[in-house]
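The letters A, B, C and D name the chains in turn, as written, and every chain counts its residues from 1.
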Amino acid sequence: MNRPQPVNFVPPKTLAEYPVGPCCPSAHIVGINAGMRTFRPIIDHATCVHCLRCFLVCPEGAIDKSEADLEIDLNYCKGCGVCAHECKVGAITLVKETEA
Amino acid sequence: MGLNAQNITNEELFYGHKACGGCGAALSIRLVMKVLGKRTFAIVPPNCMSTVAFIYPSMTFGCSGAITPFAGTAAFEAGVEAGAKELGLTDYTVVGFAGDGGTADIGLQSLSGAIDRGDRIMYICYDNEAYMNTGVQTSGLTPYGAKTTTSPAGDRLPGNTKAKKNVFEIVAAHDIPYAATASLGYPEDLLNKVAKAKAVNGPSYIHIFAPCPTGWGCASELTVDLAKKAVDTGLWYLAEYENHEYTLNRNPKEFGDVKEYLKKQNRFAHLKDEDIAEICRIRDAKWAQMRTHWNA
Amino acid sequence: MIEVRWHGRGGQGAFTAARLLGQAVAIHEHKYVQAFPSFGPERRGAPVLAFTRIDDKKITDRSEVETCDYVVVLDDTLYGDNVTKGLKDGGILVINTTQDAAAFPKKGDYTVITIDATALALDILGRPITNVPMLAALVAAAGTVNSDSVLKAIDDQLAPRIREKNKALFTAAYDKVKGEL
Amino acid sequence: MSEKMFICSDEAVALGAKLARPQVIAAYPITPQTIVVERLSDYVEDGSLKATYLHVESEHSAITASLGAASVGARTFTATSSQGLLYMTEGLYYASGARFPIVMMDANRSLALPWNIYGDQRDSLSQLASGWIQLYAEDAQEALDLTIQAYKVAEDPEVMLPVMVCLDGFVLTHTYEVVEIPEQDKVDAFIPYQNYANKMDLDNPTSNCITAGPDYNLEFHYQQHIATLKAGEKLIAADKEYGELFGRTYGGLVETYRTDDADAVIVTLGSVAGTTRCVVDALRAEGKKVGLLRIRCMRPFPEKEIIAALQHVKAVGVLEKDIDHGCEGVVFTNVNSALMRGTTKPATFNFIAGLGGRSILKGDIAQCFDKLLRQAAGEPQSPTVEFVKLGC
């Protein structure tokens, strides 16, 4: 998996610890979005033809193409279903999170 | 060979945002950033994207970014560009990401000014056809017949009574070096237009058709599908303006089923057949003009 | 403190005269000066005022000029009560006119100096621009400013192509008034 | 050697700005600010100032482009007036909130309606809460000096706030007087360019001008408040250092004139202070114990200085060119509030004058003093907000 990871953020306690005005390092994600997900996409790697349509159209960028098999970053996948809908070979199925 | 899913970077520069599932705006930014890379100043007015991307302490842009006053996306960009140039910075892109309201309505003045001055900035309009961040109000880019919270549909009105403002051609009328329309339904086309815009030594503009499942009242998995159908039905078009000329990138012989496109969206659920006929009439008039006057 | 009020019409250069005088005494005679126009949008032909305040010490007074030592009128069609208003006893009124001083009956104990600056300007500049000859007339009549300072100010402030002619015009007007005093 | 020039305050500000070497200038013309932007564009054109001049399409864009330029660490200058300042309002709050050290000249001009181009101070005084350091010049020399000092204060790492240099429309902007022009090398040494800690940096990307929810918002404002107060000390220090380098000091946040033993003092700001000084001298010559307190800095508000100078005075009048309709003059509100914190409080009176460019004559000011002296002599005066020279 090669996706940005959440940082361990310690809230500033003193004025000196606050940035000068509201600014912050970029790519500074705090917490995960998995809680927004009702359905979880599951890739059937045997069916997948690696066309990368799902990688391309994922609004989250949660599908990682760096390995031989595509991986989904479940920390940030919201389960919107675009990947499954756009998959031309039906390699992605959505499973209810409670049943996954 | 152009950019595509195979050769585009795996690196994400818009990641971990709190947008709704299936957000077309977020996908637009994500794809654009893949082409622009990390040496980018991303300027975003107050809209859904700044709201989900810049909440202290959670920052989802991987590049430099800032929230600008709503009406001033292009002006802020112009300032960044001028400052960066004066400080001797090289090899960077200044891009703005504004929605349809931030572009066609409140931001139009500053967009016009920046294009007119020839500032080297890129401006992306992600068009989801209403003010979504404030709860789906009509914008200058809301299409005819769409129901919003300020263009209700009832016995007297069919929802919004105006066709979309033609921002692409307003921008082109400045004789901008490069402008294009795009759709999330054709992501490879979008990537390559962004690459083209990035290379322009002057202002460039890309107008992306970007569905909003929440605002449109449709299933979240339909974002890309609806964006493609909008193009296939002729309700949106893929075009470019460069070298003082318009070019139509897709010129379908036959349009897809408009009713099928509309009926997947709650914002159009109320439309009667005559309203749909009016939508088709607006479409056909636009295509007749484009096919006559533009390179196809 | 010496206060000068200039009456002209928009486009005649009354404020330029006020500034030239200011430049002359401020930069070349090291005095303290304020020069300012009547405020607001200037429209060609409309009556306008300009002011010069001169003192040996720093001038902090920013109020309107209420009384003045010298009044300069660039165009005698502007002559009226507002021209003589506030003119101090012992002061000087300088008018661009073809008429004699007697045509401007005094309303106080001041001196009236007349000069046909338009004729001089037409003769030397070829245009009826009377601000420089009227400045010359004032300098000649008042005697408190060195004419060399004004010639230097003309060098400082006017565009090169009009400098020499305006200096000639200044000298001509200055000599004429001095000769008649 | 410094050079003396006979110029107006607009030109003085343009020269001050040029000496400060801004890298970006973004401005939109408005009377009576226009001479500033005309001169600056001349300097950029003739190469005497190396900067990018952005001819923007509105004041909203002028301040927004300034935000953009400052956000990458470029020294930035802009100028406006009146309606233009109001049109900038949104961006003013961005600039101070983002802690961008933009310097702006405001040519004080009345606000519509009634439509009016003449000088009063309703424009800048309407923006006291915008978070900008707000300075008021009395003459062209001070306007130039403040423009340079503004960068010193704005860019101080402990401050990092925008500064508005205000000067009276026409009365200053269009009045020519002798101004001493500082030497460029000395100005360079006084305000060397420095990196902004909060800028966007390509090599270490940051997100700027961001959102802070209820859990962090208050702290950012507290931080900004502390920095604004700090700016007061920095201005005093800058004035002192400037004096050592250039031979001119103005005395900090307020300037007092013959207040030490005064029974009656007029508090005012901007060019009318100069006229008041003449009136003070005239009345002193008659044996009347009167004085002047000129506020040079409205934000941060010089509470301590005002209490120290005025709490023992019997009657204080605030003479100001603005009105908060249905209340009182804004300067009066501020002065009164400060005096409430003193050990004793003088009787205070508010004089509204000069609105829409109405002239303030020496006699008008003398009448204000007359009211204050009567009060001081034990004859209670009406506390009602008084419109000076009201014609109805």
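Note that a residue touches a chain if its C-beta (ideal position, glycine included) is under 8 Å from a C-beta of that chain, and two chains touch if they have at least 3 such contacts.
All values derive from a computational prediction rather than experimental measurement.
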- Chain whose mean Cα position lies farthest from chain B: C
- Message: Can you compute the centre-to-centre distance for chain B and chain D, using the mean CA position of each chain? Integer Å is fine.
- Response: 43
- Message: So the centre of each chain is just the mean of its C-alpha atoms; given that, what is the distance between chain C and chain D in Å?
- Response: 35
- Starting from the mean Cα coordinates of chain A and chain D, work out the distance between those two points in Å. 51
- Query: Taking each chain's centre as the mean of its CA atoms, how far is chain A from chain B in angstrom?
  - Reply: 23
- What residues in chain D touch two or more of the other chains? 205-212, 216
- Item | Shared interface positions of chain C, touching two or more other chains | none
- Task: Give the residues of chain B that touch two or more other chains, as numbers and ranges in rising order.
- Result: 56-57, 59, 61-65
- All touching chain pairs, where touch follows the definition stated at the start: A-B, A-D, B-D, C-D
- Item | Residue ranges of chain D in contact with chain A within the complex | 97-100, 160, 197-198, 204-212, 216, 219-220, 222-224, 226
- Query: What does chain A use to touch chain D in their complex?
  - Reply: 11-12, 15, 18-28
- chain B-facing residues of chain D, complex: 23-24, 26, 50-52, 54-58, 60-62, 64-74, 76, 90-91, 94, 200-202, 205-213, 216
- Spell out the part of chain A that touches chain B in their complex, as residue ranges. 2-4, 6, 9, 11, 22, 24-33, 36-37, 51-53, 55-61, 64-66, 76, 78-82, 84-86
- Task: State the interface residues of chain D toward chain C in the complex, per the touch definition above.
- Result: 4-6, 8, 31-32, 117-119, 138-139, 168-172, 174-178, 271-275, 277-278, 357, 359-362
